[in-house]
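Just below is one structure, and these are the notes that go with it.
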Amino acid sequence: MTTASTTAADATRLRGVVPPILTPLTAEGELDVPSLERLIARQLEAGVDGLFALGSSGEVAFWDDAMREKILETVVGTVAGQVPVLAGVIDTETHRVIAHVREAEKHAIDGVVATAPFYAITGPEEVGTHFRAIGEAASVPVWAYDIPVCVHLKLAAEQLLELAADGAITGVKDSSGDDVSFRRLAAKNRAAGSPLTLLTGHEVVVDGAYLSGADGSVPGLGNVDPAGYVRMDRAARAGDWETVRTEQDRLAALMEIVFQPVGKVGPAAGVGAFKTALRELGVFSTNTMSLPMSPIEGDAVGRIRTILSEAGLLDAAR
Amino acid sequence: MTTASTTAADATRLRGVVPPILTPLTAEGELDVPSLERLIARQLEAGVDGLFALGSSGEVAFWDDAMREKILETVVGTVAGQVPVLAGVIDTETHRVIAHVREAEKHAIDGVVATAPFYAITGPEEVGTHFRAIGEAASVPVWAYDIPVCVHLKLAAEQLLELAADGAITGVKDSSGDDVSFRRLAAKNRAAGSPLTLLTGHEVVVDGAYLSGADGSVPGLGNVDPAGYVRMDRAARAGDWETVRTEQDRLAALMEIVFQPVGKVGPAAGVGAFKTALRELGVFSTNTMSLPMSPIEGDAVGRIRTILSEAGLLDAAR
Amino acid sequence: MTTASTTAADATRLRGVVPPILTPLTAEGELDVPSLERLIARQLEAGVDGLFALGSSGEVAFWDDAMREKILETVVGTVAGQVPVLAGVIDTETHRVIAHVREAEKHAIDGVVATAPFYAITGPEEVGTHFRAIGEAASVPVWAYDIPVCVHLKLAAEQLLELAADGAITGVKDSSGDDVSFRRLAAKNRAAGSPLTLLTGHEVVVDGAYLSGADGSVPGLGNVDPAGYVRMDRAARAGDWETVRTEQDRLAALMEIVFQPVGKVGPAAGVGAFKTALRELGVFSTNTMSLPMSPIEGDAVGRIRTILSEAGLLDAAR
Amino acid sequence: MTTASTTAADATRLRGVVPPILTPLTAEGELDVPSLERLIARQLEAGVDGLFALGSSGEVAFWDDAMREKILETVVGTVAGQVPVLAGVIDTETHRVIAHVREAEKHAIDGVVATAPFYAITGPEEVGTHFRAIGEAASVPVWAYDIPVCVHLKLAAEQLLELAADGAITGVKDSSGDDVSFRRLAAKNRAAGSPLTLLTGHEVVVDGAYLSGADGSVPGLGNVDPAGYVRMDRAARAGDWETVRTEQDRLAALMEIVFQPVGKVGPAAGVGAFKTALRELGVFSTNTMSLPMSPIEGDAVGRIRTILSEAGLLDAAR
């Protein structure tokens, strides 16, 4: 990896709140550009510190290359350099990830986000070779995305710090759900002079992650309430932990929207709830999901509306 | 469950720091009573709020009934009512757990701690029946012990609160490693009027658990450094989060002792490291483990000593 | 292990069909001795080669020590030496397993069956020490019970053969669901001179296991149709594979009874279906399950009756 | 799915032995066309019944689109209609799979092979929609590939038969390692009039799968010894089970090559061993693996040669 030229949008700005932006669709399943523009405008207004396109919340695994391209082009064009943009380059193995890096770099992005190899089983040797090859191929900083629920492998703190020392990676997005390991990673990172920027992906325990040493968050729920995450981040920077906790508790209550769908799992429930909330808030035109997922319908929508109201979001929007 | 008469040692005192005490052994594998007495004295001196005997850290799964009896008798006798004592009644299924409850209640204990059924696969119906049957059989408060790494089942927040509403359980010891679920449990508990006392078992992220709403901790590492956990707890009660974090970071560094053994997993590594540390600190006579585990030997002992020194414990002791 | 004196009932007779006998209960949850006697009589009439008491199908994990004792006494007394009897000594760790061995050996049993340690996480070192300690403590042959769905650990072929070479174990009951590993175990066993007797616990693929090198089976479904398993075994010995396959297909169709309960998992579904079938066949008085499980009721019973009829069992019985 | 015109190479011929062909590479990591031609020639000579390109053994998850295209072109061109060719269209979700179908259909293939969605978590609803969408999009028969070790989801027999009834799929490649479920699938398929062709992917238990009702196999090891699998298949068709078993035992001994590498997992061990064997047999020029995997080196190569000799393969080749 050659470190990108240091501009206003360089990787060192990527602390704070970096929501993994959703991909709004028309009823026909096409990219809904106006909805995406509204989503981004609302994020920037709230003061987010960056945006992460083509992440799991953006349904990245569902898109063919043309759609990935269109999403990234729209996000980068709409953000227009106001905050850094990270691009997911999620794919099964090294060659394919590097192909996505090549495409993503055609846009003015500030970093790429890659997981360990998946589908085929690999071990530590392959994981190391994989990230080193991506780091060498990329001209922008590389973030390691630790998401065992999708990749079925946990990145070890020791290996992440080796990769940082080798210049292969610049940060970690931790969606491992393993707060014990995250604390170890943060401690080892500090002991090594903080070569890695650490962001947590777990919406409801960002406060604890800040105490552990997180530099920020990549909250899917930040699509729905970016201002709340920004307030929490600023309070954490100021050492105002009571505000951090209060804001986190409010956001955790809002997160209950993802438990409302019945008979749905994974992104059909979680991303589906975020899309439904944004439709109810007037940001999205539909709550359409990518094939093969169906949108949330029926009583769950009403329950989501109630939760949005209780969180103080719905009245403001309507 | 009939709530025990409210004395100085009732269940409501069980907030704060409740270490799961280890079971020191002689070189021959017998209970080492003098070492256990020293361990308990050191706990009480440090100001712990309770003690949990016959937990996973106490190697409960390894002992036959006679040894369980002897351990509990020694602990209760030594503590002599100075703090509440919880007794683990860990066993595979309901009948067997209730048999342990009957035995444990012969001693002056303040609560029992039971897991969901294990070995045989069960579902929510059986888990509910199990805890209700234990709650009815016990004359002291019942704590649900959520430890999926051993039981291979995660207790759901919704079910725990139902069990609380039914009077079957009074608290939860959460060793699930799932901070997202713990936050939900804490929020639902608060919304229900806090019928449950919530203790976390994860030594290195107690600070985040306090933010989430934990009432205290059951830290295995508290065997080695009870004073540190007590300081952290008092700081959390006072809202002094910088002290909480500093103390937690120091304890997290100390926890690295469990990663020093090579080729060991589970309690052979973790409890083995605690026992080795306590031997080096002069509290235990040996670091002997229960059959079929072998004690930690070789270079790992030196590395554990170094970590103890860095945490400021070894010089104080020697 | 001291090899037991070679009698008519020694371990070498334990090939063929060795059903893991169920534990019938009265409506009040007490051992139903007449039903157990009818069950055993039906097994012996069918020509089974042995019986396995206190296995998973016998709900062993649910019983306290007094009930284990009563079950074993009744089984051994009823069998009265007509076929060998194995006794399960299932418990969490070594000391407790050895305590069960001591109790079991008070009866005229022909072997004990032990799993690897469970609840506490252990590794290969502890598994080896565990079985060696049991082997030394037992005066009858020891069988290793490989059941990862309960124990959450797979016994490795290499280690099983080392344990055989050391005289610690005499056979394996394989309920691992891993036919690839079973083939390897069988091949390695043959190459080593067949020190181990290999029995499979998977009711619907016993035919394939025979091809792989199994010496017999321990089929839970054999409680319902012992004659079918005996016919299949005799055909396999005779090299009549078409009969083996036909019989296996018929038994696999019968096994569908375990998929009829709705909302039940584990033994509540599987053992529950066997008990319900035996009640419908007039062998058991009830289909009561151990606490905390409830019996199968409602429409599922009718579906089980239909399957019994289709397998040619119900008319014969009524 | 529109059923392809019935030619000599139609899907109904896809019984018997259909090896998932490897992708030989030059030392530089490019497709080694001469080695691939030799591999295919050796397969055809041995009398295989079909070939499966771009499967897991073909390292499909590692290739970008250009390499997939080149592999498929070479395979189809070399086979030249002598046997049917299936093409893997493995990718994370529906849109991407369909994109691969479009590309694959440009070649004279006889079917495509797709897994359930992976990376993003999905449930039965999404799995059904996924296969139905693929079935509609494809002009050739669609095979469902059940490989939970990669996809982390098990396809249920009931759903597979629904998909068959709807005309979405024509067969199943079962690499689930779950022989109990396979027996159920085979029985349900037979009861439904055998709408599905069932192939097993487990090299060492093909004999048991034949007894269960498999129509054939897709053995990775068939790359190394296609003649052995063909002999076993012909014996099974003739009901000569002793020959089936003997041949399977010989092949299972040969399969031990995959356990020789030290410190390697997944395809780096398994496919790596097959490639190493084929290099030692003079079929491949190298044993190079795709990035990020390294080839097998050192003592393991000698051990693989020994096993090849013992299986009677090496002398014949050199």
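In this document, chain identifiers A, B, C and D correspond to the written order of the chains, with residue numbering beginning at 1 in each.
In this section, a contact is a pair of C-beta atoms (placed from the backbone, for glycine too) under 8 Å apart; a residue touches a chain by one contact, two chains touch by 3 or more.
Chain by chain, the UniProt names read as follows: A, B, C, D = Dihydrodipicolinate synthase family protein.
From a predicted model like this one, the values you see are computed outputs, not experimental measurements.
Trainee: Hey, what chains does chain B share as contacts with chain C?
Mentor: none
Trainee: From the C-alpha centres, identify the chain that is farthest from chain D.
Mentor: Farthest chain from chain D, going by C-alpha centroids: B.
Trainee: Measuring centre to centre with CA averages, how many angstrom lie between chain B and chain D?
Mentor: 50
Trainee: Take the average of all CA coordinates in chain A, do the same for chain B, and state the distance between these two points in whole angstrom.
Mentor: 36
Trainee: Listing for chain B: what residues touch at least two other chains?
Mentor: none
Trainee: Would you mind giving me the full set of chain pairs in touch?
Mentor: Listed in label order, the chain pairs in contact are A-B, A-D, B-C, C-D.
Trainee: Note which residues of chain D are touching chain C in the complex, please.
Mentor: 177-180, 183-184, 187, 202, 204-205, 207-209, 211-212, 239, 241-242, 244-245, 248-249, 252-253
Trainee: Would you mind writing out the residues of chain D in touch with chain A in their complex?
Mentor: Within the complex, chain D contacts chain A at residues 56, 59, 61-65, 67, 90-96, 99, 117-123, 125-130, 133, 149-152, 263-268, 290-294.
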